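Next come two complexes, and both contain chain A; in the first it sits with chain B, in the second with chain C.
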Partner chain A sequence: MTRLAQPPGRLPGQGSVKTAQQALSSLTARRGGLPPAGIGLPCAVPGRRPKGWARVVRCQLSSPQRPLQASAVLRRVSDEQKKEPLASSSQQQFDSHPTDPQPEQEPQGPRPSYTGQGGQESEDYESEEQLQHRILTAALEFVPEHGWTAEAIAEGAKTLGLSVAAAGMFHSDGSELILHFVSQCNTKLSELLEQEQKLVQLGEAEKKPTDQFLRDAVEARLRMLIPYIEKWPQALSILLLPHNIPSSLNLLTSMIDDIWHYAGDQSTDFNWYTRRAVLTGIYNTTELVMMQDSSPDFEDTWRFLENRVADAMNMGDTANQVQSTGEALVQGLMGAAVTVIMVESLPIFSISQPLSAYAKRILR
Partner chain B sequence: PAGGVSLRLCSTRVALEGINKPVIDRIIRVDHAGEYGANRIYAGQMAVLGRSSVGPIIRQMWNQEKDHLKKFDELMVAYRVRPTVLLPFWNVAGFVLGAGSALLGKKGAMACTVAVEESISDHYNSQIRTLMEEDPEKYKELLQIIKQFRDDEREHHDIGLEHDAEAAPAYSVLKTAIQLGCKAAIFLSERI
Partner chain C sequence: VYQVFESVAKKYDIMNDSMTLGIHRVWKDILMHKMNPSPGTLLLDVAGGTGDIAFRFINYVRSVRERQLQQKLKHHQNLSWQEISESYQEDKFKSLGDSQVVVCDINKEMLKVGKQKAQHLGYSEGLSWVLGNAEELPFDDDKFDVYTIAFGIRNVTRIDLALQEAYRVLKPGGRFLCLEFSHVSNPLLSRLYDIYSFQVIPVLGEVIAGDWKSYQYLVESIRRFPPQEELKAMIEDAGFLKVDYQNLNLGIVAIHSGFKL
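Here is the complex of A and B:
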């Protein structure tokens, strides 16, 4: 059951919009997404500032490589919608303020102030990128049902009141949806860590020891996958496709860097790399374990995470121990060697004089 | 352990918005690598010539390089810059260069100092130019630091000349070779 959300930039007169919406859904249902070809294309009515979909159309037209059908459909649909309220009473125009329940990214401009020219873009122009973000965010709701596919994107577009053909803006394998989701999760994690840091700075919270911090950060990040856990293996395999690898690697490395940064890492030598490599390993293996985990609230996964983080901490200690043992060993051997040489070289005392003279000349 | 890295309460950071991150990244990464390498070069020279007459002078220059390195460590954390992967390599290469030039004698060590310091001050000059072109106001602090360090390196260069660097064996060949190596090191450290 698709929600009849208010489409963006809807013109005044609630009743007329519902009719338009219904007309739209009947149109899209009829031909699997494309309205019948017979719909005329009236030009933009003078006095109406283009909003919402028409604006999208303008930026769509500027990037011709994206399917033109999408833009044509959107244009038809928007004009379809504009026709309907026009037919209804025009006195209602200036009466009610159009309420827009959706949190819009574009600021509502002063009404009514119609520029009158169809081709102009007004101040609250929504960029294509912002629109794509909105569609993808809306699409996430449908992922548990449809997976990371163009169907989910289409459903998301429908809830925003756009045509399902808006999914044509994106790759057919759902890559952008997954990347958008990962990017969103990373941003949420950064904000979470930033807030925690503020609390510690204000003295309202205890500073956590490193292993605890890493454990909590990785757990928080992995918990964001829980609603989508069924379809996540599919997402992982898509992220490994060659054309996605640069972006997904980028997202992964920046997340790991963020976690270490908030953990208080200040290394400026090769440790910088080893720490991030170790944490990346921990994160990836824990993610894989989580895919297979069926314990209540993923207890096994968190226990696995705890063990891996403990291993990593031990690794650091072990490395130091090996190094100091090695140094001690070398010193012992050197001492033994010097003793042996001293004992054996007693008869060679005769050349010590010229040897030291040579050394003095070199070092002068 | 003292050699380990300290984890503090939170990483200090400067306002990272509005700066040209790629440019600043490169600048700090290569400067950090440069000071690290210079550190190791002086360490190598001290290992051979530490007890000679130029020992104290080399030690003084070495201490200044240590201060420079510490400053760049702080900047690296503040700007969240990644260090170059080649640090272990510069570790060894720097020490070998320092020790090798010192084995050619005191003048050889001074020649190496002159070559390296000339390279570094030219490099700092071009960085100052870049930052001035970008936005002198925004990068005021960084500019100040680099200018100060450039003056220090210039001073080292002059000290080297004072101590008969030019009388070193095969001075021009040595100088050209070392400066070529420095150029390559700068190129690589900026990118990798």
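Here is the complex of A and C:
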């Protein structure tokens, strides 16, 4: 579903720049989530310009997470409805994806056929990753009690009928649980924004102005934290551990990307970066404010958010204003300088005569 | 195999310490940390005659349980008197929290030494000692949360049978952990290790335990044991998933772990 466009009969190693451009533009059109290749590619290795296909691979450092996330959406949706064999087969594709650090094993026993076996799935046939996701989802309800720890995961495994030792599959500091939760929230947010967009397209709702849209999106996302708010500072600190930073940063940037995409951002210049940086700043600061907010229903936090978004909007205007003010100022100064010189020069002319006479008298 | 361990039982611990220069304690501690058991876990320790793993397990679970109870008490400080009195009636504040270890060994002498050690060190609750063969465990299916075998699996004649038995007695979601001497890939260390094994260890065996032959057998059995990847494949064949291994000391010892999912 997210395989990059490959013209038939061409090996990946021979990809030309044209293919790369096609692939990039197709991805950009799909999600608006990548800067166009025209800008100095920030993710390319400095000093080296790998050719064609390798360049595409290099530039999509963040995209492997998206296919994985997209497949996660598919998996979750299908998990809820019924255990879809189709999801498992696409799951199997991504099982061999290099982003997964641990070696994936096939389930023991006769090879399950993933095409066509309607409602006959039993637990043996789901892949390990699916089972891991189920355990983590079940563990989330124990988080308010045990925190984001291996204990919560163990309790979650118990509810699924597995032994508590199954928590040994995960890292002992609970980071997988947090990452799972964050990606789940991001997925929910995307679905929410997509639904809203559909309503607007169908004409059933009004298109919101940008600042209102951003405010609502960030508020919706932060509200998902409310059930876990007491243990969330612990989660934030775990997400900042060095071995977690790549994944947590990935999730954060893709969420911000999503929000801007649904906000209708079509920018193709440096604005792309500033917008994302600004929104990331707003989101992070609002999250921190929320941690220590004790007002009813977090009113203070939403007011803070409102002010920050307004600031950001004004900042854009101010930047323009400053520029034009600067120009006006410079012109004014120039004019003033010319006038002053002209005015000053008159007295100087009038002074110069007696001054030179005086000078002569002294020097005599 | 039986006779080797009969003669070795009494001096087992001393020999372990002298052969490995005491590092075996660290290895077993690392195994315990990897297991990270929570209170309420049922452990089966196979070929764990003198009880090293079992005692470490009990210590670990006790400390985790203490921490849990402390957390509960802290939480209690916010409750009303009514709720606190109710909780006192419910909770028995068990120090082990229902965790149990079953130590199983093929050799009666090893079990005897283990029981004596337990009494001597003061471990009374949560321990059971069972005589049994790893290839044919006297337990029902789906009983245990964790199955460990520390330095025992190379003495089993048919490793695949032992692995199948392990799979059988584990609950779904249960974990298989195996701590064993393994293959050193680093050539320099491998040479040193060989020299140490073949020259020093049998001599130590003769001096301390008065038994050259058993320790020569020991060293040879280490060499004959399949290396990490092969053992991993065998564990997968028995039906375990997410099989992984961790080398300690560059491969002198390896911990293999698998899950019954």
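Everything below uses one rule, namely that the second predicted complex is superposed on the first by the 202 of 364 C-alpha atoms of A that agree within 3 Å, B and C clash if a C-alpha of one lies under 4 Å from a C-alpha of the other, contacts with A are read in each partner's own complex, and residues count from 1 in each chain.
One rule holds for everything that comes next: a contact is a pair of C-beta atoms (placed from the backbone, for glycine too) under 8 Å apart; a residue touches a chain by one contact, two chains touch by 3 or more.
Predicted, not measured: the structure shown is a model, and the values here were computed from it.
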Which superposed partner A:157 touches (first chain B, second chain C, both, neither): second
Which of chain B and chain C A:269 touches, first, second, both or neither: first
Which of chain B and chain C A:362 touches, first, second, both or neither: first
Touched partner set for A:320, first chain B, second chain C, both or neither: first
First (chain B), second (chain C), both or neither touched by A:197: first
First (chain B), second (chain C), both or neither touched by A:210: first
Common ground on chain A, meaning residues reached by chain C in one complex and by chain B in the other: none
Touching residues (chain side chain A, partner chain C) in the complex: 102-103, 105, 107-109, 128, 131, 150-151, 154, 157, 160-169, 172
Touch list for chain B against partner chain A, complex: 1, 4-11, 32, 49, 51-52, 72-73, 76-77, 80, 82-83, 85, 87-88, 105-106
Touching residues on chain A, where the partner in the complex is chain B: 197, 200-201, 207, 210, 257, 261-273, 316, 320, 362-364
Of all residues in chain C, those that touch chain A in their complex: 34-38, 40-41, 145-146, 170-175, 236, 239, 241-244, 257, 259, 261
